[in-house]
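First comes the structure, then the notes that go with it.
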């Protein structure tokens, strides 16, 4: 075990743990945001630069600071390392820069985007962004392409996290989509007309941090914050069958995999669970899904169910992991 | 924009096939993918100067890769042409030091002499013009690359005319 | 006449052929190293020489070699970076064209030092004729027993493979180069791990520039101390400088490090002074990525000392008043050149060459180009100049690889030293030197080098 200090909080982690995961072990506000890193997808991370942190002391053996900010998601912790995240003005400034640059070409079409309410970029911009854009140039556009009957690709919203290509590499035998071209015009594409069609393709939607890949069956049908998310499962021969049902009354609007407090799925689900079981009788409903208290998905639900809850919540927020609040819906 | 299959099959000459095998053999065991870029160069040559979808699929099969891996690589590098080009692609460097010495003038001169814009092909199919970034010929500017060669110090109309004439002659022989 | 360690025989007829190269003392370093020195001794001489990476970063070569993981016993690779594509730089091309065997000799002694049995030369794809020159030289060397199995009967085996790139500046970054060599898109890897531990095919790898490797035979033959006695301070040995822009004699020159910039620029032995009637406006001393220096700071440092062509002197004053030796791409601008246009041109280059992997560079380089284009066209405002400054700062230091910095530095230095020209473009765009020149004369300079 090695010791690492992040924003003056010390913790012990296994050797080889990244700074980000050490921070997640501590939890709370000092966890750097991450939009491309995905713990269950090897090879992810390092690209979006949202998780940059300052290393004030590289290790006990070599106490010099690191010359540049480093991506916490792919920098291993060292024994005696001292890291600053939200206590470093330099980090906050850099993060503001990353948000601004990510939004230079982003369409900001949140009002009509299905991801709104559960979008990492939206949350990130809300926390760190400017109120208005300083870029006055036309935003980048792409010719729309059709990637099949289940998934809608909105390339203009993509932040090129590469997660969808990694999930395809991991879950399927032959990936048919990839990152084409380079630089600013890099694009997710199949290059030739081809449907992305395999039993696990739907997971690309769940790993997408923004609204670039959305569920065609759910498209424009409802806002996520109007729905009641319920944990449910069914016996499935292809996957764990553990899902979240998004309900309005008894109607299932969509089915997704379960995401943890950092938006990551650990049990990927198959397309049959996702798209072929819209009847509530197909599922064993476990109960309400818990969400981070600030998530808009909880909007309008606290008051209706437990009036005193917000006060209880806010008194407990400091230095606690949000997902410890079980049963909050 | 998605690419469309041309419907024209791709075949390597016997000599090119042998060359491809030689290229594959020079990389360590299990590292066949290393041969991808050299073989894409070869495929481009064998396919009249550009990489059609068929050409890339052919290369994918040769190297046991999925087609998307080949598309990803081919679209990354600027030397691969994904659309038909003229027999001679005049690639004019327009980066800093060349611009000082008249790269824009050279481009204009070529365009007016050939009557085509950048990215177009002359009606006789001989020439296309393209801007490229630094070709490491900064001291010999303005210049362009055509095929295997660099043509440097192209700073007068006469020299440009002579070059075009030379290429036209080559095309006939 | 300065010392010539690399180009001494560059002008000899047919020196690219093995027999001629041998007659001029070629391959003596291979003989000496393989027959009378241990690999560790070769590494030691290179360490003593103080040789620094000639590709741009200037990292001590011996130190880089010492990081190579030899203990694990996995195969080790030496990769020669011949992906020369930094604007202003054309020295490696010259060296490979003229002296292919010198590069091979350098690769052989370096591979011996690193105990590597397979070396790659990654040549930018546009250098088609150089690939042929190198392949012919390798064939000659193999036939004569300088390469292949059991070289000189010493039991040392080495193969050299020439690998072409296909048009991507980013592949000059060593980890992008390795990705490209593995047949992938040239995306820089996230470090650590460094190539010395996890490099080509996951094996320990050293990546060195052409000029760096070509310097090693002389060091082996004459000793590290002799090399270290040439040059100045920590800038030891000689350096190839590729000079271009508004000078009388553009070309590739070998200089002893520490030569004064003024002498290099004005002496007939080197650049021969300005090409026309205009005086000196600015110099980019180390390739497009390094900060531009206005004439006053190019010739003298801020403290009034003569500016020397060395790693330290060029960097003196930091980014406030200094620059970097970089790759040795020496670009000279006369008074008739427009700095705003040139900055736009470089920004366009970096925008075009950004690999698109990390967000600050992917989104920021395009934004820089667009703001500069607006200013250059005469539609900019004073606020745009401040915005430009702000955007470059948001890119610098926050990217995966140095391309982000390389895109930011020319913009920052141009604003720092030539803000008045940017303001002039806001107030009087019609006075832009580039546009006036384009309108008046078709091409600026017509003279071929003397």
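Note that the chains are named A, B and C in the order they appear, and that numbering of residues resets to 1 at the start of each chain.
Just so we're on the same page, contacts are C-beta pairs under 8 Å (C-beta built on N, C-alpha and C of every residue); 3 or more make two chains touch, one makes a residue touch a chain.
Just so it is clear, the model here is predicted, and its values are computed rather than measured.
Relative to chain C, the chain whose mean Cα position lies farthest away is A. Centrality by Cα centroid goes to chain C.
Chain A and chain C have centres, each the mean of its CA atoms, that are 40 Å apart.
In this assembly, the C-alpha centroid of chain B lies 25 Å from the C-alpha centroid of chain C. Shown for chain B are the residues that touch two or more other chains, namely 72, 76.
Chain A has residues 179, 181-182 in contact with two or more other chains. Annotation for chain C: residues touching 2 or more other chains are 168, 185, 352-353, 355. Of all residues in chain B, those touching chain A in their complex are 1-5, 53, 66-69, 71-72, 75-76.
The touching residues of chain A, when paired with chain B in their complex, are 143, 145, 174-182, 189-193. If you check the complex, the residues on chain A that touch chain C are 45-49, 52, 68-69, 71, 74-76, 94, 97-98, 100-102, 104-105, 134-135, 137, 140, 159-160, 179, 181-186.
For chain B in complex with chain C, the residues that touch the partner chain are 26-28, 31, 33-38, 40-41, 63, 72-73, 76-80, 94-97, 99-102, 104-106, 108-109, 132-142, 145, 147-149, 153, 155-156. On the side of chain C, the complex with chain B involves touching residues 75, 84-90, 92-93, 118, 124-129, 161, 163-169, 180-186, 201, 242-246, 250-252, 284, 288, 329, 331, 333, 337, 341-342, 345-346, 349, 352-353, 355, 438, 442-446, 448-449.
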